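Chain IDs A, B, C and D follow the sequence of writing; residue 1 opens each chain.
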Amino acid sequence: MSNNLLQGKNGVIFGALDEQSIAWKVAERCNEEGSKLVLTNAPIAMRFGTINALAEKVNAPVFGADATSDEDLENLFKNATEHFGGKIDFVLHSIGMSMNVRKKKDYTDLNYDFMKTTFDISAISFHRVMQTLWKQEAMKDWGSITALSYIAAQRVFPDYSEMAESKALLESFARSFGYHFGTRNKVRVNTVSQSPTMTTAGSGVKGFDEFFNYADKVSPLGNASAEACADYCVFLFSDLSKMVTMQNLFHDGGFSNMGMNPAVLGL
Amino acid sequence: MSNNLLQGKNGVIFGALDEQSIAWKVAERCNEEGSKLVLTNAPIAMRFGTINALAEKVNAPVFGADATSDEDLENLFKNATEHFGGKIDFVLHSIGMSMNVRKKKDYTDLNYDFMKTTFDISAISFHRVMQTLWKQEAMKDWGSITALSYIAAQRVFPDYSEMAESKALLESFARSFGYHFGTRNKVRVNTVSQSPTMTTAGSGVKGFDEFFNYADKVSPLGNASAEACADYCVFLFSDLSKMVTMQNLFHDGGFSNMGMNPAVLGL
Amino acid sequence: MSNNLLQGKNGVIFGALDEQSIAWKVAERCNEEGSKLVLTNAPIAMRFGTINALAEKVNAPVFGADATSDEDLENLFKNATEHFGGKIDFVLHSIGMSMNVRKKKDYTDLNYDFMKTTFDISAISFHRVMQTLWKQEAMKDWGSITALSYIAAQRVFPDYSEMAESKALLESFARSFGYHFGTRNKVRVNTVSQSPTMTTAGSGVKGFDEFFNYADKVSPLGNASAEACADYCVFLFSDLSKMVTMQNLFHDGGFSNMGMNPAVLGL
Amino acid sequence: MSNNLLQGKNGVIFGALDEQSIAWKVAERCNEEGSKLVLTNAPIAMRFGTINALAEKVNAPVFGADATSDEDLENLFKNATEHFGGKIDFVLHSIGMSMNVRKKKDYTDLNYDFMKTTFDISAISFHRVMQTLWKQEAMKDWGSITALSYIAAQRVFPDYSEMAESKALLESFARSFGYHFGTRNKVRVNTVSQSPTMTTAGSGVKGFDEFFNYADKVSPLGNASAEACADYCVFLFSDLSKMVTMQNLFHDGGFSNMGMNPAVLGL
């Protein structure tokens, strides 16, 4: 069902790997709400995933781009504005990967080259995206930029490892760049701190199933799904959220403000 | 313009005094978005204000209720559900009044009877509203309850006086009751922490103009208007925010996350 | 063992009921560290407790005072400064009582007269104490005022009921009055957010044992004891903390920043 | 004056460049309080600064170490424990440098190689220090590790540039590693978020003087000095803070909780 919330808007969506991806659901919902879209992902993720099926569904071109490459991002946004025949209204950053988690390194035995790659892909890419948009003056005034985050940026979930630091970085970039983009262009920048979600990426984390169920039990509304997250992103891209910026917004069924849920103790 | 976001929903709006009121703008926007409405305010506020003009505009009945009276609230919600012919989907609490501010008492010379009246009207009323709704089982599952707050709940704005404590109370009630209402009915409870707003109530605070301008300068997007706040409330009442609960949501053009804006120093 | 951290200082300690009380441990530690003390509690608490044994031990007079009575507080601080032959360096507020918890009322069925009494005793008393000290100019410059709080002020622990709101109020009073006292007298005001503690008051809360054990398991260092809390208070009263003000300080073995401890899942 | 708070303890201090440095003041105060010390800094900082004068004063060896080199850190801690004839009780991390700030790059035109160097030096070094200590089992049980941070980790101060992100990273490392070190060794890890301080490093930031004066005016107690920060660190290294961990502790004269100080508006 559509409320035409994004009619006439142009959006760029990073990170739709397959139909489990939050970015995938966001693209579908944005399409329903009337926006034109450009999809992008890293070349390697495009090979492993099924982004072309999405592209067909939402009638959008796919431009491959490595989000750690300034040149790739420059080309991406040039292609996107050319495709739209105008500036960009909204951008979703949904990119994250931890080398140390993949390699099953303990948090007390991290490899620092891996860590730097993790930060480059998962967080610095967000600054790169914004800096490229800034330099190209590619964002429309009153546009909206959103990245997906996780509460490990504030509190410790040991298995999340260095991704906690990646998300702390990501949220800080949102605040800092949000000041600049807000001042010059009234563009807002926010992060959505989403419940643990059963995506291909999420479920790669050790002990994910136990943790997913724990969070679901702690949260009075249960875990928020990828579909519900897509609804939140639609709001953030729509004109309903014009004055919301530099925020980290918990979308988690109430998890973040629970101290202790008796359900966990079996009480 | 309407996106039909509240089609088929029933809402109760507290606190529309006159057309400067945020609650007034919320009622107008909810009406545009297709909801049925019931308006309510304290009898004394109804005499001083112009709520009947709003009632006519949004085609809603007005039921007077003193939000410090359990009996009044019981009658209000009985009348509302009877009027709707069904349960309530959303409620806006926009009630605040400080006796000590009115009487121009210094924060270091407060009158405690005044303070208790302030808390009763401005914060305990929110618990009363929710407790009455709870006991009457008057909220529809997946409904939404929102109260308006201010950042003085977290940080010190000396002229705001005991309203800081009122808002801290209010936000705590949202979290606590949000747990219960979420667990039983999937009903979400949130507060919106709004920019200083040029309402009849707001402008009564000492030094309000200077402060309004200061906040406007600090915020990268400027102060959020009452109209923009109404948009945020529409989102919170719509199905787009189903998994957002127990949150205090800053709607302030970025004010809350600015440490220092060079514009204030004239740099 | 003493480090003479409070040599030459005068302190007033509220709320030592019996030797389980945190205030009791604070008084003992302050005495060890060389301060002169005045003890005080509500007349009824003095009858039920054993404060006179403490008074003897720390060589301090006991002046009864109902912390909801301005007159009692005025007399208390007059007596204290007379006893000290000078102004007061530090004050501990350790007062809390919930009528609704005692009467086992559900959070969705609270009695509002009880609630107001709870707030008056547990939180407004803190403003009263500071306002009385302010008016009497009884605090020495660079003095220190501390109240004991709990993380329920930020997050939901359902069994803690309306004490969550009391603590939210208390912490807000600390910030607000801290601004005024800091500006005029360089006096600092803080709250310590302490682990659940096995006191006579604490263990009255429903399900306290299960919760105590849960918090102990979540916290990497385990729950902080009353003795450790007394050490923290000594620091806050000493010259080592002169520039710390308007803060809520977690003293909890790390509980507050844990998202999920695998120990809880038995992982 | 000494309170013998660190009698019998062994500490390693990073980052004393010259006598303006906070680390310098910390070393002096730790020495007064009875601890044995090892000093360390990057070879290049040792050449530009005057650490040897400090070493003489506090009777401590200086072991040069590049905090971005695992090998250097391994040697440092081996030398330190050998010098002490035992394990380490406390560590101060006071290291920060921004390449992009030095090169006067705008936040919207950052060089990413510079940024990565900044993070490596200013934040990842903290993880490296802890990981090296962890692997060598060099920390005594109930030891204490502290790093110096700044409120730009939470809020935007535009001139602070990418150091905001560095501090967000640093504080996240403190939480994450604090969980592990607490669980295995009862070692606590915290960050102190200090007022802007007139150090050689601090004053290199653009517009520092104006900002320093602004913060001083906003803070009810004024800016906290390096000496006062040293007192806070002494507390954190002493047995008075045994149960405080994974916290970011504001040491700032109240700045962090001020929303608006009328003094800034000239009211």
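Before moving on, here are some points about what is shown:
We take it that a residue touches a chain if its C-beta (ideal position, glycine included) is under 8 Å from a C-beta of that chain, and two chains touch if they have at least 3 such contacts.
Note that the structure is a prediction, hence the values are computed from the model and not measured.
Summarising the inter-chain layout, the chain whose CA centre lies farthest from the centre of subunit A is C.
The chain pair with the larger count of C-beta pairs in contact, out of A-D and B-D, is A-D.
Taking each chain's centre as the mean of its C-alpha atoms, subunit A lies 32 Å from subunit D. Per-chain CA centroids place subunit B at a distance of 43 Å from subunit D. Contact with two or more other chains is made by residues 155-156, 158, 175, 178-179, 246, 257-258, 261 of subunit D. Those residues of subunit C lying in contact with subunit A across their complex are 151-152, 154-159, 207, 210-211, 214-215, 257-262, 264-265, 267. Put simply, subunit C touches subunit D in their complex at residues 3-5, 175, 178-179, 182-183, 186, 188, 195, 220-221, 224-225, 228, 231-232, 234-235, 239-247, 249-254, 256-258, 261. Taken in their complex, subunit C has these residues touching subunit B: 70, 107-110, 112, 115-116, 119-120, 124, 127-128, 131, 134-135, 153, 155-156, 158, 161, 164-165, 168-169, 171-173, 175-180, 246.
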